[in-house]
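Below, chain A partners chain B and then partners chain C, in two separate complexes.
Moving on, here comes the complex of A and B:
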């Protein structure tokens, strides 16, 4: 089974996690200003790249905290994990994320 | 099948074969028959076509076939990045049914089922279409309500659908466990007798063979790498085998639709996921129908050859890798055993995954795009196989006339903006 490196708990089995889809989708700052097309984009349209994808995961059966990950959708390899609210890291490096030890503060 | 070939080396006659021991020049295999005739040519791409269909799976082949048959368009290339029908057409569980809830879905899926019923004669090719019926099981009071509602909706649309009580379920499929003494007892089922299965490869080959006979070029190993768009109008495609000009371009690339659409600057409401399936070893005929269960989460039929064919839901994350996680299969087989205790000693033989393009409302997108002469067929998610002839028919109409066919008119891209969704999450079942 694939191991996923939770930023807070370290590497755990995939079944402990749930998927949250594309990351960095912010609620509209002024919802009343959006037209139908903009609402459709916010509600229904998502990126669907073949390759690195910034997405949300939650460690449901562990610390129950959300985090972001950059994952390759072809190899399913986690390229890096990072905190909610942090900038999307560049994906020029394909080195796998270094697992963080238990108890270690998330770096972001 | 063995035809004379001008440049073929002389074959040994039966007499010389019998005397092979005395002929040291005879090699191993000399006595074997020639390769059977190929079902289609394997041409190189021409510089230009009236229509380029991107995607040589079931939908692309059917679209090309109906463009020729119904609309007289034959200057067509079907471009396939791998081998013909080697994507989801080779990976589905071959279930065919039309018992969807909404009128819009009934239209296109029932149109497809009607075409399936005469497809073998139409293609003049065996496709092993077997109308063995499908049971959609109900396991809770809410399941019963939803199922009956769907049965009534189907009947209003002229689709054969009925509600079966548990004892009637057991008459249709004796190996389903209808004991009340299980975690999710079978409380009844919807039944569509005209539903069934077909041999997916034969379906693809049948369409390919007929399309080829019309002079359509089926071009394999030809991946589209770009779309040539000038002033909002598509002019052709760039491929790994050179540029090809096209009057019209029809996209039918299932899991890779987002990647292709991005070449036209379009963003689609699609997410591509792995969908896994598996087969057992060959067994005696034990399973006479198709059984699907939303709540227990599996669908099972038995192929003509004897394998049990099973599938379940998609892997949760986006993926293009044509493989999924093992724990999904484990859960799927646990579900199958819950419904069919008789399978306890069956062995899983092979597993695989396809890439399915899911939409927010579990209905497809078939129609025009903001780019002129660029047409889109995608979003069939987990259930595109059953639609193969129906969507081929309607998509061909859309491409040939520039207007959607009435059956695919509701399935526009802009329904996600207008809000006119066709929510089939219920009827789409565990997967279609």
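Moving on, here comes the complex of A and C:
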């Protein structure tokens, strides 16, 4: 089973954690100023990168605290974990480039 | 209309006979009705210092428990501790802590009914727990005084290491999960029955 390093509890099994979607989605400063399309963008639209992705996780069976993690969506490797209010660390994928079939090149 | 006082019972009061059947290397005993208070306070704050001086302890850091006094202090999260004391001290301890905290920012809540405590001891404890728990109970990884909130056989527990090499541990388990965990423990201990253990 994959181990995830909780910033407080250290490495624990994946089943102790829950996923909270993409990180750094700020609540709109003035929600009433948004039209329906912008609101839909805020509520539903998320990045889907191939490579490092900033995500929220919660250690629900341990300290029950939320944290952010940078995970490589190609390899499932956790590149780093950081605090919930912190800036996204700059980090490029440490994973070996995944073999890409023609026509399946990553869009970014 | 009369209001009858409900009779208090502990979640595992009917399990004593089953626990007695376990091998000598795996002694299980319920510690019912421990006083348990949840303390929420920012570490290092004035309120935290007030609690520390009131209890005459230092609030333990991550994954640690302070087991020296009558009031055991278990780390549950970066700003959260569980105080475990002998039965019947809820009101006294609540009043003591609340007056110590005063107007500072902290919360103390009585959660005694939330969990029950299982005291496990014997040389088989580590081996049996390993069947359902991924935590490394080697003394180098989890020395005496370690306090880990994790899963045992998929049930959420808080595990406190009280004896060298996990020869003695406390399992704090939610009351509603207690009979499930007792069932699992009795089953996990079955294979050691009749051995010299």
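In this section, the second predicted complex is superposed on the first by the 93 of 108 C-alpha atoms of A that agree within 3 Å, B and C clash if a C-alpha of one lies under 4 Å from a C-alpha of the other, contacts with A are read in each partner's own complex, and residues count from 1 in each chain.
We adopt the following convention: a residue touches a chain if its C-beta (ideal position, glycine included) is under 8 Å from a C-beta of that chain, and two chains touch if they have at least 3 such contacts.
Treat the numbers as computed from the prediction; the structure is a model and nothing was measured.
Undergrad: In the superposed model built on chain A, check whether chain B and chain C fit or clash.
TA: Superposition result for chain B and chain C: fit.
Undergrad: Once the shared chain is lined up, is A:87 touching chain B (first), chain C (second), both, or neither of them?
TA: A:87 sits against neither chain B nor chain C.
Undergrad: Check whether chain B or chain C contacts more residues of chain A in the superposed model.
TA: Here the partner covering more residues of chain A is B.
Undergrad: In the overlaid three-chain picture, which partner chain does A:15 touch, first (chain B) or second (chain C), both, or neither?
TA: A:15: touches chain B and chain C.
Undergrad: Have a look at where A:61 lands relative to chain B and chain C in the superposition and call it first, second, both or neither.
TA: So A:61 only meets chain C here.
Undergrad: In the superposition described above, what is the shortest C-alpha distance between chain B and chain C in Å? Please give a whole number.
TA: 11
Undergrad: Residue by residue on chain A, keep only those touching chain B in one complex and chain C in the other, then list them.
TA: 1, 15
Undergrad: Contact residues on chain A for chain C in the complex?
TA: 1, 8-10, 12-13, 15-16, 61-65
Undergrad: Show which residues of chain B lie in contact with chain A when the two form their complex.
TA: 256, 258-259, 267-272, 316-321, 325-327, 360, 416-419
Undergrad: Spell out the part of chain A that touches chain B in their complex, as residue ranges.
TA: 1-2, 14-15, 18-19, 21, 36-37, 39-41, 43-50, 53, 55, 71, 73-76
Undergrad: Under the definition above, what is the set of chain C residues touching chain A in their complex?
TA: Going through chain C, the ones touching chain A are 62-63, 76-78, 80, 134, 148-151, 156.
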